[in-house]
């Protein structure tokens, strides 16, 4: 019989076994379970580097779920050095530092929800009053920032917001405490962005300069001995994390967790190998793409490091 | 602030926590994590019924992974009463009762694999000699079956195969021991099917009658007080599990685990609600569709019952 | 500037241009448009062979759409030599030879549809009385077949059904007229399958033998100088088309049209290259996988041949 | 027999028929073909409004394909009033105004491509020298803009770039000519973004203010009698197009063309109905989501208007 290097092994599962045992078994179980095992190995290798800048990137929808506390813990424990996300994440972190989101269903009647003032995000529900709260919280911060400096960068603004938050599950709070920059190149595409519009009506010289952050992020990457990426979801936050690494010949380590497909030529669906052609990920990196919803996949991966 | 019935809750994850703790947290974490929690609730309700026929259906690829032992355990412990699957599952269970499959990668060079005699199934590798083994094992079984009865049904044939298997992780072995029928309406679409072709060359009156199984399965369903479906993947095995329930007004309980989408009108991608329009699932059922790879999703779900 | 072999070219689109012009432009437009162009090239090469057996395989849902007449035309004009599909296709072709399906929406309320006796298949609607009609039409055919031969094969039974149909858009009618076999390994998974169950109650010796078709199909493939596959959708019909070609070292030409993904290790999502590792498609074949819904993709491809 | 309002109709396809005939037939063909027909109807209704602001949004990958000329024509003919896209679109439009992209395959060896200086974007190939060209072209534009105004907005910068382009297939050229603003909230996530970083090294007071564009876009939307969205792909460009419409109670008309799924809670995969719960699309809108690759779907849709 043909001998092979590795073999598929059967699961042996019990409810009282630990996550460590499960994820060890996953490595040999095949298909995406194996990719969870391999993603863990890549993150281990990343973290064993003496000097490495680890970038965590994720999309805003994830911040509206139970994953928020996992991101917060990663920032609190300095597991990562840089965060890249979209504007909605800032909205959610502020609101969730003061109140909660509801849990519904993907198939609810959206016309009825709209009448009730419930905004549906997948199967989570955000009552409209949460955005009133956001407005209340963000205005005085704009005031403070504006008084200090009429021109700010997204990451500086986010840092100021983080200083005002007290929730232990806040990503922004811990980022501010630990001087971990949060980059948000598309920050105006959010409720905060709408608040900026209102604020700018009265303060036309209030300026949020995105080139400042580009410089800050590029310099961090250029000065890094090694870089690693933990990249959840697609879009601008994914591309920014890999794209900026072009300046140094690519990420040394990378994992993707995604639900997108590559056949439409989208950046969101592009596999790690496509990034190799661009020099966004290095050839010798140990990239892994795990296909699945981050709310299931990411707790499994991170459980090995907590 | 608007009050809601249920709230999204943050994860609190550690490697040494149990799967029971994780899946409890998933219920409130949002997106597909929540659906894992709900699928567990539906299976619980299913198993609390005094008299219920539980149907497990899955696609052949899953039998080539670590999930095989989970299916075997479900059959061994009589957690399910009926199994529906495709022909490849029978191939895999026979081979894996005698030998192992390799673990590779989704992106291997298939031309080179072909030269080496390695057949790739996702990221698992099946050396061609495993199919030689299959041929050796299946021939004498065909002989025995043919001597007893020239006309057989797929489920009877599978039952005979199961009697010859000794591996504790074999689904067929336990099904035979526990008189749990395995239905396989498309049985010829498999390596066993090719062996049937060879066998029939010399024994033209060897007959595998699929109407016999249709009658057997329909009668089981008709005589059931309640029925429940644990349905992994799509295709014929999925449709057969729900389709036959039309005769009694639909499944009382159902969960789907799937990676397919509904927008192409495929049965594989159809949601549980579409089945309600057909009377394949009852309106009052508590159907849940979990989107994700079964190698990750199903161990999490079943861990609560083991 | 780096020279390349082929360049992306811009579209130049008008409503009064022909499909031939459009599909020519698609070849150079990038992403899946290019794959439509390439699929056309592969089918052209397939059809230029002097002696080739062309297999068309598709899933039952497609038979419920406007594609049915395209399949019928391919069979009528002997564009293909063999058809492989699932049981639902037989149901739909019979019903649609006598009546019509409705057009609705993917998001209709399925509980209400069920009350109205409307079965939803994607965004098509099949009133329950269509299945009453099916019952009426199929019973006398079973009688006739049974009187001639108590044991039949799916392809022979389907051939008999085809002889009774008069609709010019019927696939079965033209298949019968042109002696093109329609294979349906999982035939009992359908409404006809349920009718077989009822019929067998009264005629226990009514037998549908699937090994007979396995032999017939394998012999066709073995005796073919060349083979080509036009494979739409996944599941049993897809696998049967490529799987049987193992006996001759694989398909010489193959195109897939699919919406499934490979990362779950499913046969439905497996790319043409995976089939190369198995010897189901030859290394030198010009396989193309087009990702998209067949209702859009396939008319574009076939327009070049009509 | 149950009467229905609409019926599925068979295709009647020939290579020499017009696209108008094809798309008319698609309306009744079922599944996503029907959604192409409905998207055309929605755009027709949109364009029949006397006073409406039509927003076109798309992702950068599409600009690298044959679709670029379709977008250009829409802007040239003032079919749309506002464009929203990501930074990569600006890169591609500049480069493609001077040179071409190659056509390859999704499955090329990315390590070898990287050695040859070919950056793969799906199945298109962008030689690295195209980015050298981009650098040459963009520097003098930054100089000009900086001399006029040290602080600029993305849309003003893009307008200045458009003035320098002479290619008739350039989206930016026609946008500049017709005073159609192109919004790009995440503009620094691009090669231009990297060039901004280099430029800022020497000109620290060069500022790109994103709040200015937020104000400009919000005012356009607020002052519109009606708004319509033609939204291709997901990410920031999709969300920005629907998100800003919250200020006026939602889009009056909207079509989505997408390959993303909703089950991961992502904005990219969210259906039009989810946007209704947010007031981003109005209840009475006639929203349509077409699932498929825009390189195939969008030429079909737009052919009816050209």
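When the chains are written out, they are named A, B, C and D in that same order, and each has its own residue count from 1.
Following the convention adopted for this analysis, a residue touches a chain if its C-beta (ideal position, glycine included) is under 8 Å from a C-beta of that chain, and two chains touch if they have at least 3 such contacts.
In this text, all values refer to a predicted model and were calculated from it rather than measured experimentally.
A.B. asks: Shared touching chains for chain B and chain C?
C.D. replies: A, D
A.B. asks: Counting C-beta pairs in contact, does B-D beat A-D or the other way around?
C.D. replies: A-D
A.B. asks: Which integer distance in Å separates the CA centroid of chain C from that of chain D?
C.D. replies: 35
A.B. asks: Using mean CA coordinates as chain centres, what's the gap between chain B and chain D in Å?
C.D. replies: 43
A.B. asks: Please compute the C-alpha centroid of chain A, do the same for chain D, then give the distance between them in whole Å.
C.D. replies: Using C-alpha averages as centres, the distance is 25 Å.
A.B. asks: Going by the contact rule already set, what residues in chain B reach two or more other chains?
C.D. replies: 30-32, 61, 64-65, 118, 122-124, 261, 263-265, 273, 291, 293-295
A.B. asks: Which residues of chain D touch chain C in the complex?
C.D. replies: Going by the criterion above, the answer is residues 1-2, 4-20, 22-23, 25-26, 28-36, 61, 64-70, 99-104, 107, 117-118, 122-125, 127-130, 133, 169, 273, 291-297, 299-300, 302-306.
A.B. asks: Which part of chain A faces chain D closely enough to touch in the complex?
C.D. replies: Checking each residue of chain A against chain D gives 59-62, 64-65, 86, 88, 106, 108, 110-111, 113-114, 118-124, 151, 185-190, 193-194, 196-197, 199-201, 206-215, 218, 233-236, 239-240, 243-244, 246-247, 259-270, 273-274, 276-279, 283, 293-295.
A.B. asks: Under the definition above, what is the set of chain D residues touching chain B in their complex?
C.D. replies: 30-32, 261, 263-265, 291
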